[in-house]
């Protein structure tokens, strides 16, 4: 008999959308400073946080992500002047809606991380991965995904 | 600041609705105040003393009873701090205490004359007693 | 019972005869008296036109196509329809010059299904009279309280004032301001859900949305869902799907649909009215409206076309998305 | 189907230490489209690049994925490599397996597993890449400067000096702006006219600079490198070609009721006037509101007295259309109206004046010939009170929330000059803070105190009341904790400054954004301070924020440098990763335009062929030269008509799918 | 035009002139003042503390009474106007005060600041119009030099009172011109007269009012007008000596000019 999978430690799948100008650079800085964070975090580069379509987030959940984080320039510092302000409104409303549908609010997050904040990037990802690990597999969305 | 004083300070902030942190310490309220020379602590000091929680000193001060409620400090403050509301709040902290009315009903007949309008008597009562 | 007010009919006839318009957008009767559908009439067919207390549909969406045809169409718009009309004008979807808006008064519209639920069957006609509704049925006359048979959307009526019109059929009835019928209770349904636990909310929505058969009625009736091609119909979008392959799909569909109309939805309530599965879809839209009102200031789509829409504007002091977390478990 | 090559870099041991590079290469070999995989010690080295070039040719690759360091490091390098081998440079994707993988993970299995996923995501994206070409546009080698103050003049002079044509549009009859009204300048006290007027003359004399005075910008269209501007030239009623500038007309004019703007209304001027002696052009202008001839048809004294026959009452407004490659806004400022500050008695007391009025009273060419006299009775004032921050740092709604920046210094200047010229005069300055950051600024202020004995009082004035010809100033002295009462002869208010109101309209025309205080917004507050977010539009002087003269001139030259850099190009190459609207899907709803920070989206009526149905539709059209590629529009678009090249919705979703697989 | 009229206590006792002449003049100008029933004392000072609800209720009752009659509420005494206007603003903008006040009062329908509070002077300016008054004047007060004294309560805080420019008001000067006299502007027209502190210490009022009167006298005013009984009391008490102006309610001069005194 094979050992049941449940004995294996749960490793969450986390998708991080990072804006090219601040947060992606912040992730690079975390890397060059050797500030580690779990390999569960996979980064997708977007030009600006305002490029993140709610569909991308839902798609990630649909395909099995356990947490989604969007990282952008701090308000006021957007490379495109206003992109993160629009993203902030969109994501606030979307997260509120997900919460309203009963999906754990901790599974989605927005953080403002500048290119100089490598330490913040790493700390944020560690903390987020820990939160998601604690929440465990995305059962609720699993239901939505109609997994067996 | 004693525990009691901290509570008092919070109370003053709460009932006045004033955000003392908006003050930029320009002193225009005190430059404006018509009753400045009657006061021990002046309008700008009310703001900083409430911020520091020094309510008891203010409660014991005669400044409370010489504010004319003319609202000039409120009108001219460039930061919308509203010092007069703080003075009123500290005044209330005093007169809401048992037997701490600044003006007693029995003392009134001496101070009025035949021309004095009701408005003055009612106002003074509202300001000086509970 | 009379199916159209003489004044309204005569007005439409005048508009066609004096050349102002060549068509009228109103309703026509179907098999049953309550089975009414929006329809376009010309001078010859005006006789079939009706407008009575069953005519609930939001007419504004039809004007996207109608206003791009030749000639000018007169449209019978209820007060709530004018919000959608305005919103569509703001989005440049309607050619204003090709529409003659005839504002018709409305006392709320009757949901025959609700009446049947009360045991009023075989309906031949109905008329609102103050706070009651008088039904004529094959079993005789019946009356009931108005609020019991009004459409869901009418229970949170935004008011009886037309936001835009070329002419009112009954100017006497037009109030000076739009006063919501039930004041603040419009968001009660949303608040009730918000006050549940996440688990309860999840069960609630699972129960509701799992009934979705993806008939697209909500989308087809929605004046804000008027894209030339819906992303869900576009294979190139990467999210298109006709039928549900798994339970997630209808969640995705309804969330994205609500998101796409957020800030543009006038809360006309048509989505819920037409849903064959009686899913309370308006609760999704109203959640966005409630959040927008609370976070970014009161905003009513279609009220004033000059105002910035909440999702295409911002302030530097906007709340952070974390506010959703900070509001705590409800 | 793409033919993709995957190149895994070791980066020495930087990557290979934690990531099994061979395993990465072999794991992705079966991915869709992948026809070639390899790994190499240093992909960015000449050897590595050569390997890529050869593989592209040998295997007929249509795109490459390089698994290496951050794209912020070498994306440009590998794009050039691909281009050298005949590929479109945008058929390159980078999987960041160094900064975001090998450097932060210690476990080799973990690192390798993640590297494989990142590579797969890059491959999935690349499968949907399309060759992109950056659009090119021409550059009209001519610049427009809006505003002829010191900022506009300096910008124009620098642009002209680099050999480019430049036009200045100035709404008043002369260039010179606010600086021309000033008497002396801090911190050196040299006379404003002495340093400004030579620049004005230079501008007028330059064959590269063309002045449109008494003119306004009426409409702007086009985009960076290709602006089309309509300029409205108001009628002067004086023929500039014929006029000799003798000034006889201005003396003969019988109308004397108009307040003299240049002297801040402290005296009157005629209906025909030259704003000041050194005005450029030195041609009078007739104020149609005041001119008796233009109003009643009678008079014409100026015409009769003009020997040059330059007066022309038939002049009409003219519209000039010109093309420009770059536009500089230099619209300047004005002092705020003091109607909300009548506790200081400005409305009723002639001897309560603003600092700018004091400049005129101190100026040798001013209404009192430079002798400081009270406006009310022409007497020498013996006690003067200055009040700082009148309307600055005011969040009550009466004034402005910001610091006007220049008042501390000019007040120190005024106080010092008065004490210098009239040592028997007492000078008090009520201040909240004295702000003197700047070279030699604090020293300057301290001189006013220490050498000239100016009385600085920390506190604010609450009331100024007139009594028997004196001004009773009641204020607080916070240091001595007393209310002070000063009987002054003159009170000078340091009124806050605000952007000239013309800026609102100009900002709209330029699609340049303004902040809540009507200052023009810069493209980046630190790194692009002289550019507006709209490409090709630059900012010079106080229109961007309060500034003194040295800062204004510095920014003016910086704006000029940016303009010169732009005009020096023959073609502008855009960023190919720009938004694009699918004309068949577009609803024409305008929502995308609302979120575009660059005004890059226009709406056009275009005939489209929708599956055989031909009709004219209102659709969004992205100006690729203006779009910067943020993608805000793509999310706002409900139909998905708007997409972003290089970061398309499908590409990002493919990455999501690859990661979540 | 008909207004609900709130006279206030002082106008029924010591300031009968203010009231009487206002009524006579209003009638002459075709304005009907309908005194609201059962009004109670406004309390004379506006309670600034956010937790003071009971002391605001009499003002709310008056406001609600006007709302029920469907009319604007007209006030005359500066103190009443100040209190009622500010309480109304609270009812309109402060959710907490509105809720508590309504809970106390249990009115037929919730009162939420619907009534418009109009001062007699605002009525003269905005409804009747000073031009019309000028035309209605039978005995223009030619040659009279009148200083307007605004005091504090009508003007401040301007954000709520919305009466006039708080530092440079013009309404009383325009009024003075309309009745044919010449306005004299004194810098102390909006500075406090000493107010209620007179009950405790007459010296403050002496100094403050003395300054007002002195300044008016120095500028050659023969009369000072006011809309506030307490200001009138303080000013009058300190208007002595040669050349001191007389202090009058503005309504008395209006009645005089309209020929109804």
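Letters are used for the chains, namely A, B, C, D and E, taken in the order the chains are written, and counting of residues starts over at 1 for each.
The rule is short, and it goes like this: a contact is a pair of C-beta atoms (placed from the backbone, for glycine too) under 8 Å apart; a residue touches a chain by one contact, two chains touch by 3 or more.
Here the structure is a predicted model, which is why all the values come from computation and not from measurement.
Expressed in steps between touching chains, what is the minimal separation of chain B and chain C?
The least step count works out to 2.
Could you work out how many touching-chain steps separate chain A from chain C at minimum?
1
Quick check: more C-beta contact pairs at B-E or at C-D?
Per the contact counts, B-E leads.
Among the chains, which one keeps its Cα centre farthest from the Cα centre of chain A?
E
If I average the Cα coordinates per chain and compare with the overall Cα mean, which chain comes out closest?
Most central by this criterion: D.
Taking each chain's centre as the mean position of its Cα atoms, how many Å separate chain D from chain E?
Once rounded, the distance between the two centres reads 50 Å.
How many angstrom between the C-alpha centroids of chain E and chain C?
51
Distance-wise, how many Å sit between the C-alpha centres of chain A and chain D, to the nearest whole number?
Centre separation, chain A to chain D: 36 Å.
Would you kindly tell me how far, in whole Å, the mean C-alpha position of chain E lies from that of chain A?
The mean C-alpha positions of chain A and chain E differ by 63 Å.
Which chain E residues sit where two or more other chains touch them?
Residues 167, 191 of chain E touch two or more partner chains.
Indicate the residues of chain A shared as contacts by at least two other chains.
54-55, 59, 76, 82, 86, 90
If I count partner chains per residue in chain D, which residues reach a count of at least 2?
343, 397, 463, 595, 636, 649, 653 - these are the residues of chain D that touch more than one other chain.
Sort out which chains touch which and give me every pair.
The list of touching pairs comes to A-C, A-D, B-D, B-E, C-D, D-E.
Quick check: in the complex, which residue numbers of chain E touch chain D?
Its residues touching chain D are 159, 165, 167-168, 185, 187-188, 191, 215, 218.
What residues on chain D touch chain E, complex-wise?
Residue positions touching the partner: 339-343, 345, 347-348, 397, 463-468, 472.
What part of chain E is in contact with chain B in the complex they form?
8-10, 13-15, 41, 43-45, 47-52, 55, 77, 79, 152, 155-158, 166-167, 191-192, 194-201, 204, 208, 228-230, 232-233, 236-237
Mind pulling up the chain D residues that touch chain B in the complex?
Chain D reaches chain B through residues 343, 389, 393-399, 430, 432, 458-463, 474-478, 481, 483.
For the complex, give me every residue of chain B touching chain E.
14-17, 34-35, 38, 65-66, 68-72, 74-75, 84-85, 88-89, 92, 103, 108, 111-112, 115-124, 126-128
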